[in-house]
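Input: one structure, supplied below.
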Amino acid sequence: MVAHKTSRKNISNLHVPEPLNRPGATPDFSDLHMPDLVSDKTHTLPRPIPLVDAFETEQLASGLVRVLTLDGRAKGPWDPKLDADTLRLGLRNMMLTRSVDKRMFIIQRQGKASFYMKSLGEEAIAVASAMALKDTDMVFPSYRQQGLLLTRGYPLRDLMCQVLSNSGDKLEGKAIPICYSSREKAFYSIGASLGTQMSHAVGWAMACAYKGTDGVSCAFTGEGATAEGDFHYALTFSSTYRAPAIINIVNNQWAISSFQGIAAGESKTFAYRGLGFGLASLRIDGNDFLAVYAAIKWAAERARTGGGATVIEHFTYRKEGHSTSDDPSKYRAKDEPNAWPLGDPVDRLKRHLVLMGEWDDERHEALEKELDTYVLKIYKEAESFGTLTTQTGINPATMFEKVYEDMPEHLRRQRQELGI
Amino acid sequence: MPDQVSQKPKMKQMNMIQAINSALDVKMSQDPDVLVFGEDVGYFGGVFRCTAGLQEKHGLHRCFDAPISEGGIVGTAVGMGAFGLRPVVEIQFADYIYPAFDQICSEAARLRYRSNGDFTAPITIRSPMGGGIHGGTSHSQSPEALFTHIAGIKTVIPSNPYDAKGLLIKAIEDNDPVVFFEPKRLYNGPFSGDPHSPAKNWGGHELGLVPEGHYTIDFEKARIHRAGNDLTILCYGTMVWVAEAAVEATGVDAEIIDLRSLSPLDLDAIVKSVTKTGRCLILHEATRTSGFGAELIAEVQQHCFYALEKPIVRVTGWDTPYPHALEWEYFPGLERCSVAINRIMED
Amino acid sequence: MVAHKTSRKNISNLHVPEPLNRPGATPDFSDLHMPDLVSDKTHTLPRPIPLVDAFETEQLASGLVRVLTLDGRAKGPWDPKLDADTLRLGLRNMMLTRSVDKRMFIIQRQGKASFYMKSLGEEAIAVASAMALKDTDMVFPSYRQQGLLLTRGYPLRDLMCQVLSNSGDKLEGKAIPICYSSREKAFYSIGASLGTQMSHAVGWAMACAYKGTDGVSCAFTGEGATAEGDFHYALTFSSTYRAPAIINIVNNQWAISSFQGIAAGESKTFAYRGLGFGLASLRIDGNDFLAVYAAIKWAAERARTGGGATVIEHFTYRKEGHSTSDDPSKYRAKDEPNAWPLGDPVDRLKRHLVLMGEWDDERHEALEKELDTYVLKIYKEAESFGTLTTQTGINPATMFEKVYEDMPEHLRRQRQELGI
Amino acid sequence: MPDQVSQKPKMKQMNMIQAINSALDVKMSQDPDVLVFGEDVGYFGGVFRCTAGLQEKHGLHRCFDAPISEGGIVGTAVGMGAFGLRPVVEIQFADYIYPAFDQICSEAARLRYRSNGDFTAPITIRSPMGGGIHGGTSHSQSPEALFTHIAGIKTVIPSNPYDAKGLLIKAIEDNDPVVFFEPKRLYNGPFSGDPHSPAKNWGGHELGLVPEGHYTIDFEKARIHRAGNDLTILCYGTMVWVAEAAVEATGVDAEIIDLRSLSPLDLDAIVKSVTKTGRCLILHEATRTSGFGAELIAEVQQHCFYALEKPIVRVTGWDTPYPHALEWEYFPGLERCSVAINRIMED
């Protein structure tokens, strides 16, 4: 996908792909194979009916489905034509996600949490997905779709307590920060092993079909993790059983320090992989709130009406480090995030609303402040339940619970051995 | 507590394959959330025929073939289990469970814990295990010990048709993931560990007399296969029958305990027996090092240290892959077990 | 790929694919989506240069590359134009393979071996591959390419002793029958776990490139085993590192009792999967010796000249049971093997040679007899080394050898415990 | 036999990361068939920095990033190894080794045996293991016992920079597949098991003084970390340092044996020590049931039965997933070890 430019010493015939921009370079994305972003002509790709033959999506899998132009207009057949209130809600959810990320990053740096992962630059994907799905459609996120939880109205304090691993944590400190779980919000338990949730989502979708419900499952993986076997299992099983699933690949260009070309190799796009399994496949501009919304709606309708699974590649960019443990300046050009040709999802939706006359800079700033204040307020509440590094207040006896439904004898003995 | 058998059950002579089939049939009939899938289990009914007739009886969507993808089979089962179904999947041979290892250990076993009970994986993973059928390196393995090291999984191994059905129904009803290994050498009959003696079948065997309907056997209870006073033999699966033959051959008054479930383990029964006998022999087909015998020794020496008159001995498969031609030199058969019994009974 | 015809009770929305023909039915392949086999017009697909852009092979991946018409003519740009001697050698190798299979099946039925697997109907794939490759190109077979070994001149007696697991077995009875290994013949050790050899082949190919050799690796998997993660790893890694590998999918329609649709799902073809990874991909008539030869030559040239891997689907049919443990009448229509529209590879090459005036029925029958006699003679030699069920003559001490390079203490102790 | 150090080596103070890096550098410099790959190991040099600088020094084709596919990483490494290369691959966390489990157990471990020596897999699989860094369920596991159950694999775990380098070079040169676990809690310094005491680093530590060049340490030899007469403590990795702290805290004259290699195992050293002391304590971080402690107990009770004065005790992680918030309640730290030592020393 991305041509290899900077060549390092490699005296063998073994080809090892390299990213466009390494530290020290001036970021340049002109070699990124993408449709012309400016011209209106190439902007628009057709929108077939959701029950289209999967192979008719070839153009959509190799191209880039977009709605928003970079200057803020909504264009083409994929425009979901949302009303201003819905758009403002989307903007708010994205900004809330961003504000929460900012706060959690800070408190991790203050030593109050062991770990955190931001979704900066990718907020449209989670937020628009949650808004396009039914609230009962089970989502199977990776660790970078906190926007799903926030959009579905999961209590912010609960989310923060999970990150703090304190006595307010619904998971009783069992899981590391960001490995949320909320059956109530149809948000599947995140495990830190990459890719494993993909086949669960397909199994869940098969169960929906088996029970004759119109439920849909919606799974997310990073582009890096598509190299795991689980991704293959998800495509295989959903192809075989026509599972009503949406298989999202969030291609944010990076997998920790590895650029997307390590997973993509010579592939045209990640979406194209779906075609090999006879699945409808779309590559969309992941920084375009409207495109994400439209694509998820399309795929959900396809799934609900018996058309089986859709593979969606969200083309986006991870603006921050991989996690609080990461320092991206070690492996990529410093200004890459800002050089990303597809802009920022919040800015772009904002621009669109402004262009519509439904939003302005003042309201935007005010909302930003309001959210930051709100987030800080809730954070203070959350912190009152303890932090990992101060006192979690979690009863050690809980460690032995929920390993099994009932505690077996040997765990009972071990609990006694610990003296509790 | 006695096994939970409904009153006056109608009994039928079954081999282990039929007993397993019957367990699946009973549960599929009772509970629409039970479904069965795996490689070749659908139309054909499984390479060992354990699912024969289920597709025809219960429908294509309730018993079906899966792609050859053990990871995908367990992964989709976990998702179905989280939804609320009770999938029972088959891994064609225990030797092929490794591609599903991550899904079993990192997902099925962890889901309840990491979500603090929000999501669970009430799935059953059936798989034929063990040697004695000339299957060589990759159709003979006994990987049970690996699963006992993984918190969140239960590991069950029946040694006869009666237990197989009761334990399998229990496994399906259990809300935790259960790995259910079926000693394939016992499918058609008990096995003395001597390949040259004539093959027996389950016909007429007391443990082949199986209730036709629903009953369960608790995992927490080991089965005293033979009561005795002078030596405790801990074993499970195929080795229960080798133990029986060796006890007969040596004439020692041994207590043979069929563990049935390795995790959870009925430690009480073990401790009670060894405390009485003072000697303990452990048998398993699996590779010795870090096999489940090691765990048994660890617990026995801890709880019965002062009662033990002799070191605990284990007779096991060797620490090599399972060879094809030398199967009977590898298998811990009648002769090796008898020698061990005689030696441990020396003063 | 194959439409679902016979419908069984399925009251849920869960789609479970079913094969065309079940026991009791009259086999009918008219729903098999294939190019018109008779008309000369659709017979010919273009043959691009081996270094073609991978995406240009789309038509070759979804169509069917053929050379031999069913009536025995060689046609089109893929015709490798082999001389009569080479063709006769190919025929002989296929017939030898068939004869060996026949004999080994019989002796298994006589209880002299524990197990055997035939390749009846698929002989062209292994034989033509071996003839198109260099003898030093490492092949990574599944268990159904014994034709590779025989074509490369592996001593038949050694092969038979392996099946008999006797004292003449070079593997000293360690592996089950058919799990051959011959480094000398560049034939990789077969393990019975499906799919695992695929990533080994890619690793080997990467090593070839790393060392700057022009070596190529050539791997084979059944279509059923493409559902394993290992297949995905092979495609991913060869796409990323442009590994000089040939990834063959032998689609013989069956995986034990499961028809190919269980692995294929809604896929257009298995070859099409390769396109998702940017790999050149071909679907070829696997019962057409010339097509197999031409495709492997093409892929090997592509690999050797730096073009990376090719995925080849060999469209064929497994005429016999899966193995000696299998009874196909339990799950497929009795006459399916004979109804297979692409004929038999031996018959078709024979017809071609006859049409060329280079072969006739008499010579064919004579050769058949000659081979059967030869095979029986060698078998008798092999049997003199013992059979599994009589006396293998293998020293029990060897069981503890080759677990590690040097025998560790604990194995030495165990060997003593066994009293040897 | 003394460790094989070349004469008058130039020594350098290193932490464990640097020692590992140095081992890789030495081998890559010596042998063009050694190559290094794994997730993030190339340009970036690994998330724990163990491969930092190797790509720049040795070239893009000798140290490179791999797709996130542990199965593919080990699978391609097996193929390279069969070819004749000596790949050293990194699994980013031991918790993520399970997707590669099949390739390790069914392929790397079996290749030599099933081909009777025709093909081999001289590969090294490095992976950071263990807890103590707030990694929770999926960044803290110690799965070593699983590999010791698999014939054909060697399992090695260093506890300090000096050993890490010597053992890693040995692993790379070894013609069998080696799983090389690196206790990540020790990367920067020894660890007493008390999270509240100030962190130490390897600076100035004797075992942080490492030869710059080539040397190897045999797997067959355990290291007597501390000689003593009254109690034998068997341990490896992080627990060596917890043992040291607990011995100091309790004042017991214990012999601490750092096993270094679990398979092969230096049984002689163990038996010699327990025969002398008559008491044995085993420490590991891993989940207890079927952990490597069980195997050690099995061997010790067999070989030292009549010398043992007390039951062998194991202090281990609990049979639960590794919890995040309750990390220090899970970790078998200074306090639990000290209590166990005191108890086993009671008459």
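By letter and in written order, the chains are A, B, C and D; residue numbering begins at 1 in each of them.
One rule holds for everything that comes next: a contact is a pair of C-beta atoms (placed from the backbone, for glycine too) under 8 Å apart; a residue touches a chain by one contact, two chains touch by 3 or more.
Keep in mind that what you see is a predicted model, and the values were worked out from it rather than measured.
**Student:** By mean C-alpha position, what chain is farthest away from subunit B?
**Tutor:** A
**Student:** Could you tell me the distance, in whole angstrom, between the mean C-alpha positions of subunit A and subunit D?
**Tutor:** Those two chain centres are 36 Å apart.
**Student:** Per the centroid of Cα atoms for each chain, what is the distance between subunit B and subunit D, given in Å?
**Tutor:** It comes to 32 Å between the two C-alpha centres.
**Student:** Starting from the mean Cα coordinates of subunit C and subunit D, work out the distance between those two points in Å.
**Tutor:** So the centre of subunit C lies 42 Å away from the centre of subunit D.
**Student:** Hey, what residues on subunit A touch two or more of the other chains?
**Tutor:** In subunit A, the residues touching two or more other chains are 12, 14, 16, 172, 174-175, 179, 191, 193, 206, 210-211, 227-230, 232-233, 236, 240, 262-263, 265, 403, 410.
**Student:** What are the residues of subunit D that contact at least two other chains?
**Tutor:** Expected reply: 61, 66-67, 69, 71-72, 95, 98-99, 102, 106, 110, 113-114, 137-138, 151-152, 263, 289, 319-321.
**Student:** Connecting every touching chain pair, does the picture come out as line, ring, star, complete or other?
**Tutor:** Graph shape here is complete: every pair of chains touches.
**Student:** Quick check: in the complex, which residue numbers of subunit D touch subunit A?
**Tutor:** 39-40, 42-44, 47, 55-56, 59-61, 64-72, 95-96, 98-99, 134-139, 288-289, 318-321, 323-326, 329-330, 336
**Student:** Where on subunit C is subunit D touching in the complex?
**Tutor:** 138, 170-172, 174-175, 179, 181-183, 188-189, 191, 193, 196, 198-208, 210-211, 217, 229-230, 232-234, 236-237, 240, 402-405, 408-410
**Student:** What part of subunit B is in contact with subunit A in the complex they form?
**Tutor:** Residue list for subunit B touching subunit A: 35, 61, 66-67, 69, 71-72, 75-85, 87, 99, 102-103, 106-107, 110-120, 151-152, 154, 174-176, 220, 263-265, 267.
**Student:** Would you pull the subunit C residues touching subunit A in the complex into a rising list?
**Tutor:** Going through subunit C, the ones touching subunit A are 12-17, 54-55, 206, 209-212, 227-233, 236, 238-242, 261-268, 272-279, 306, 308.
**Student:** Show me the residue ranges of subunit A that touch subunit D in the complex, using the header's touch definition.
**Tutor:** That would be residues 8-12, 14, 16, 18, 22, 114-115, 165-166, 169, 172-177, 179, 191-195, 224-225, 227-230, 255-258, 262-263, 265, 325-326, 330-331, 388, 392, 394, 396, 398-400, 403, 410-411, 414, 418 of subunit A.
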